Amino acid sequence: MAKFKKYSLKRPRTTKSLNQVPGTVTYIGHKEMSEVHLEVIDYNKQHYNWYASKSPEDAFKFEEPLNITWFNINGLNNTKEIEKMGEYYDLHPLILEDIVNTGQRPKIDEYPDYIFIVAKMLYYNGDGTLRNEHISLVVGKDYVLTFQEADGDVFDGVRERISKDKGRIRNNGADYLMFALLDAIIDNYFAVIDDISDKIETFESQLFIDNSADDLVQEIQELKRTILRIRRAVFPLREVVGRLQKMDNDIIEEQTVNYIRDLYDHIIQISENIDIYREMIWSLMDMYMTTISNKMNEVMKVLTIMASIFIPLTFIAGVYGMNFEYMPELEWKYGYFAIWGIMIIVFLGMLYYFKRKKWL
Amino acid sequence: MAKFKKYSLKRPRTTKSLNQVPGTVTYIGHKEMSEVHLEVIDYNKQHYNWYASKSPEDAFKFEEPLNITWFNINGLNNTKEIEKMGEYYDLHPLILEDIVNTGQRPKIDEYPDYIFIVAKMLYYNGDGTLRNEHISLVVGKDYVLTFQEADGDVFDGVRERISKDKGRIRNNGADYLMFALLDAIIDNYFAVIDDISDKIETFESQLFIDNSADDLVQEIQELKRTILRIRRAVFPLREVVGRLQKMDNDIIEEQTVNYIRDLYDHIIQISENIDIYREMIWSLMDMYMTTISNKMNEVMKVLTIMASIFIPLTFIAGVYGMNFEYMPELEWKYGYFAIWGIMIIVFLGMLYYFKRKKWL
Amino acid sequence: MAKFKKYSLKRPRTTKSLNQVPGTVTYIGHKEMSEVHLEVIDYNKQHYNWYASKSPEDAFKFEEPLNITWFNINGLNNTKEIEKMGEYYDLHPLILEDIVNTGQRPKIDEYPDYIFIVAKMLYYNGDGTLRNEHISLVVGKDYVLTFQEADGDVFDGVRERISKDKGRIRNNGADYLMFALLDAIIDNYFAVIDDISDKIETFESQLFIDNSADDLVQEIQELKRTILRIRRAVFPLREVVGRLQKMDNDIIEEQTVNYIRDLYDHIIQISENIDIYREMIWSLMDMYMTTISNKMNEVMKVLTIMASIFIPLTFIAGVYGMNFEYMPELEWKYGYFAIWGIMIIVFLGMLYYFKRKKWL
Amino acid sequence: MAKFKKYSLKRPRTTKSLNQVPGTVTYIGHKEMSEVHLEVIDYNKQHYNWYASKSPEDAFKFEEPLNITWFNINGLNNTKEIEKMGEYYDLHPLILEDIVNTGQRPKIDEYPDYIFIVAKMLYYNGDGTLRNEHISLVVGKDYVLTFQEADGDVFDGVRERISKDKGRIRNNGADYLMFALLDAIIDNYFAVIDDISDKIETFESQLFIDNSADDLVQEIQELKRTILRIRRAVFPLREVVGRLQKMDNDIIEEQTVNYIRDLYDHIIQISENIDIYREMIWSLMDMYMTTISNKMNEVMKVLTIMASIFIPLTFIAGVYGMNFEYMPELEWKYGYFAIWGIMIIVFLGMLYYFKRKKWL
Amino acid sequence: MAKFKKYSLKRPRTTKSLNQVPGTVTYIGHKEMSEVHLEVIDYNKQHYNWYASKSPEDAFKFEEPLNITWFNINGLNNTKEIEKMGEYYDLHPLILEDIVNTGQRPKIDEYPDYIFIVAKMLYYNGDGTLRNEHISLVVGKDYVLTFQEADGDVFDGVRERISKDKGRIRNNGADYLMFALLDAIIDNYFAVIDDISDKIETFESQLFIDNSADDLVQEIQELKRTILRIRRAVFPLREVVGRLQKMDNDIIEEQTVNYIRDLYDHIIQISENIDIYREMIWSLMDMYMTTISNKMNEVMKVLTIMASIFIPLTFIAGVYGMNFEYMPELEWKYGYFAIWGIMIIVFLGMLYYFKRKKWL
């Protein structure tokens, strides 16, 4: 089971720090990457080409009318390069702002020549921490631009299917490429969701074995936080895919709509799971409370049994420790043994009483 | 009352394990069945024929224009056979994916020549465990294809009505057969729901008799999980039946709509019950907490009564166990008996006090 | 305050026990009545006729074109008689199924010649238990058929108004009769709701007087169950009346619509009350928890006070019960009295401490 | 802060006690007023007339075509007089029923010649109790009828504005008068809401000072009940004003719509506040639970500290109170003082331990 | 982290104190400012002018057809000046009422010549307290009027962009100025929201370190109150911006709509965060309860361990403190040491028992 990196719920503010001009392209995000890594995948039915560079200009030459071109840009720090891309592809300044603003929630905007989609990639890093990476897609008639915060993504399967010509991807247009990318993103949500499910089950069984108190509460709280964050990535995307499904323009072709419908099914499924897991996590707290109360009950029973048995006995012993001059029992020959007899009877009586009460 | 098999909430991932081409037909499910069992029921008003085989090709010969044919396929492991069926009936690749993807939620898709329905069968196995089986229906003008995960289903009543010509089924088309199958599925939900209801009542009475603590909490949690799973099977199906009702095509005939409306009524009824039982289960937790607190109260009372009575008495005895040289009471003749008198008075006084407080 | 009969939440399954043909008329209900009691009330402005019989056929003769005829059938066990009625009035088989299926939720179906309504009568029996009786109405142009589970209903007022020609009922058609019957049913909901309200108030005051623990929790739980059941009877009926209001056919006349609107107002009012009482019942549990905790606090205080006062005193006494050879205090003449002085000071000091803490 | 009179949540049943003819005018309410007080305010731009009487007939003479006439009727017990009014103004029998039925929820009905509105006046009586008074308005082209349960209302400001010709009221029609009356009703809700807010703050601070246990719980419960009742008065009125806003008839003039929109704003504002206060009240219960638990913790700590310190010391004293013949320590010269030394060390050790645990 | 000033939830009543004429302009607010401060910023592409005064009349001269003019009025106490502005710009009396009524919730009204918007500025004062300031905007074809409660706002960035000609603001019309102002308001919400987030995290960690009981509960309660207040400022504004987006008039130009869409995105993002933080705050209470219970458990364990160990030992010592004449053990030579042995065994046995139970 992977470890959750402890993210703050606080999302980066919008690009515009206070008093800034709206539409200014300023990168605000966690991941530091001073350079921009550009990757170009250009293909059609017959042809496939892969090219990597650090300056976007190099890539514009790949623009050939009959091919589908996927420009993947990693690194949002170097906003100048992003702006160059924006200029070349004639992107609205607000789009550029959204691309670099990692606090932007998933959304879809339709422009005359392209569709603009913002989503969140959730996936596990090499070290097992959960990454929540901002990704933007610009989908045109024959190109897809993707902007990611840093290197590393969930698209290796798509790359392989293009390079090795698996499935339908080489026979279809940019819209199918967009579908394949979104599909890869959503598929990774399942993995994250499954991990949450594992955690819940682990917690449930831990609760009854060894509740090292405060730690568990904090971990449950952390889990709440994580599920709320995932929800914030997934729920707006549901709307995005829902609108993609109903979009009527000539970027998305008839035959791709079926695939998008399928995508929608998957994201609904994830949303339902999130809501169920959320409910399960919330009831973990209740379970925790009951286990604490049960333990307290157990502690109290031990105390009550010990005290109820020995306090009366101590009293009896105390009585015969009194120094009255005339205490007839003290002079009896078997007084001492008689008193032991009485104490044993009291002892057994209490045991029986607690046994009958099922406290023992 | 049947036993619930402890299922994980985690549903099988979509067919596409990560990095797989969408539309690939890969079986992902719990039930292992290496072969495909095919069952063909071919009938019309006059005629009835039953045929079983292990290869779909054998079945295609039954395709006669004037009969209604029900192809029932058990076993989704052998995807090659499923693909053959798909080819023969010209099913969209995404349908085939949904047929074998046991994680798919209930849904309905309308295609020009057929309706595609995904549902979940909930029923009790021979051994009393609850099975949640994925089932897909393809309903055409004169045929119904059903795809199940494994042998064993809830359709024996339908089979009998066809073979013995009971009710209207032999006089009606494929749409009525579809209704009869969905009706059988939904009828079984009632049985499962009734079982949940029994469990809740059992728990409610157990709570007050013998709450063997953690077990009960875990069983309640398990019940929560079960009701959430059932809900996930039932709620999307409600939508499916709702859309069936309003569908306007020539597969579903006028006179069948009334029956589907009836089906809709039933599924609404189940949904309502689920929500009520859910609320009851959630309040079981509250009840449990109160019973724990009540028990704690009882334990505390015993402790308090015992300690409050005997600690003062022990103190009195302790006083007269002191070794002061000059303690006048010790020398009194009836000092000892006087002290016993005082102790008995204190004892009775405490008893009376606790009686008045209603702790005894 | 009437007693609630402890009903199970489990409603009777649909008529079709598993594997039965849909549309089969099988009575499934609690109330045993082997015969069918038929009651016919035939009236118009001038004329009034009452007739009772045990076979429906007798009743058909009352069918006169200018009169309004109310056929009331008590007893759903004898399904053959029901089927005869169905044949005579040309009722759809699914209607007959709904008439005898006491698990059917309130609903309304519009047919060309009549309206079919299912509702639930809630009323108190002679012995103070709450009855939940299934009732179906078929409303035609000049007749109303009512099917009840057993003798005994809430319609005596309507009968009297017809026989004694009170109000508008004799001047209006079958639609007004339908209104009058539904109005009587809904009026009885108010009585039941008022009773719930009384119970809540009783519980609230009991909570603070004498919480005989588990009983109360079970009774609160029972009340939850009851309110959920009433809700299930009322909420779908709201929808039924809402649709009646907007219905556009020639069974319901213009002037009756105002009355139905009034009915709708009433049922909304009941729904609102139900939701409020539900919330009140749920918070009863919270109140109960706080009273338990308060009691525990009280118990703990008694223990703490007793122990805190006498344990130190016992220690002091213990010290002077030691048998050291050289203990100077023991030999002092007033040592014993000094020690009593110290003990009294400690005693009073503790009392003062607890007084200041407001525990006494 | 005003005192809330303890109302029962139970609202009076509809006018029709069981078995009564619908549309019968029967007064069902709390306030006893055997007579009807009639007040007529007749005005136009130039002219103003005030007239009071005990019989409605006297008032009809005021009916002059060019004036706006406000008939205010206090007292719903004398239903005969109400019926006379109804006849004169040709009111539907169901309207009359709603006028006298104090259990009727706020609603609006549009009739060809007038609008019928039911609302609830919430205001503080002279003695500081909250009154919930049923009020009905009939608004025609040039008259407004208001029916109140008893003398005393929230309209004195409106009366003054008419008599002294303040603001626009004398220049506008009956629709503006209606607005002014509703505005006065809604303005009073703010006062009630503010009072609730004060109560919540008082409770919040009381909780931490002196929680005289059960009283507070009952008062919080009472507050819950009050807010639920206010909600029931306000929420349906929101709908009423919303529909007034969109009404298209010639009673409400163009220029008044802006004022009604303003009214709608106010009632939305009240609704929002109600929901917020509701949430605050509900969390009062939670806070109460935590304070109880905190107190219990404190009690337990005192007990634990007392017991943990003195029980071991008593044990030590007990050891040297044993009567063994050979106990070397007893014979030591400074044995007694050594033992005191040990006991003081144990005592200080325990104190230090509890200090470090922050229990002291 | 800034401090939250403790505001009452109680919002100022509407302008109309009871019995006042609707539409009267009366200032009701917290901030005292006896004068009106007027600020005029007049600009177009080439030209920029800034002017400050204390009487509105001075400002009217700035009205030049080709420039955009922003009139900013600080101080709502001097209602006469506000009324003059209203007259000059022909504002509806109800608008003037809303401008000075600081209790008015955010709203938007469309008039033929201008748009009227009410919003709330939330920002931190110099002293770190949160201010909630009422602001109204009137947006015409070539002017924007803003009315604020007092000096000090969130618009310094906008002022700078106009004066220094940064970004697009000087090239655009009054609609863009409106956008820039709303954008500045909404940007400040992010800062407030981030602060809430910090507080939640601080509380979460404090809970487990040192819960100085009641204080923390009160602070959590205060946080609840704050989030509810922010919600009340933000949620209606969402609706306002949503309607701005869809508004179809000639004040808002085509190219500005994209910016407003962006604004809408931001406010949705804030709303989502508010809901998440709300949930987190509510679960703080639960966490708090569990930490209290855990502490109680710890206290109880100490008590139980101390009592369970020393009570039996004291009993043993008590036995041998009895004064029976014939107690053989007392006379044994090593009786005393044997008893010490037994006591040490009991002691170690108890330790072992508690160790195994994991209480130590």
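Letters are used for the chains, namely A, B, C, D and E, taken in the order the chains are written, and counting of residues starts over at 1 for each.
The definition used in the following text is that a contact is a pair of C-beta atoms (placed from the backbone, for glycine too) under 8 Å apart; a residue touches a chain by one contact, two chains touch by 3 or more.
Being a predicted model, the structure only gives us computed values, none of them experimental.
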Least hop count linking chain B to chain D through chains in contact: 2
For chain A and chain E, chains touching each: none
For chain C paired with chain E, centre-to-centre distance based on mean C-alpha positions, whole Å: 43
CA centroid of chain C to CA centroid of chain D, Å: 27
Residues of chain A touching at least two other chains: 289, 293, 296, 300, 303, 307, 311, 314, 318, 321-323, 327
Contact graph of the chains (line, ring, star, complete, other): ring
Chain E-facing residues of chain D, complex: 154, 156-157, 160-161, 166-169, 179-180, 183-184, 187-188, 190-191, 194, 197-198, 200-201, 204, 208, 258-259, 261-262, 265-266, 268-269, 272-273, 276-277, 279-280, 283, 286-287, 289-291, 293-294, 296-297, 300-301, 303-304, 307-308, 311-312, 314-315, 318-319, 321-327, 358-359
Footprint of chain E on chain A - complex, ascending: 8-11, 13-14, 16, 18-24, 92, 94, 97-98, 103-105, 107, 109, 210, 213-214, 217-218, 221, 224-225, 228, 232, 282, 285, 288-289, 292-293, 295-296, 299-300, 302-303, 306-307, 310-311, 313-314, 317-318, 320-323, 327, 329-336, 339
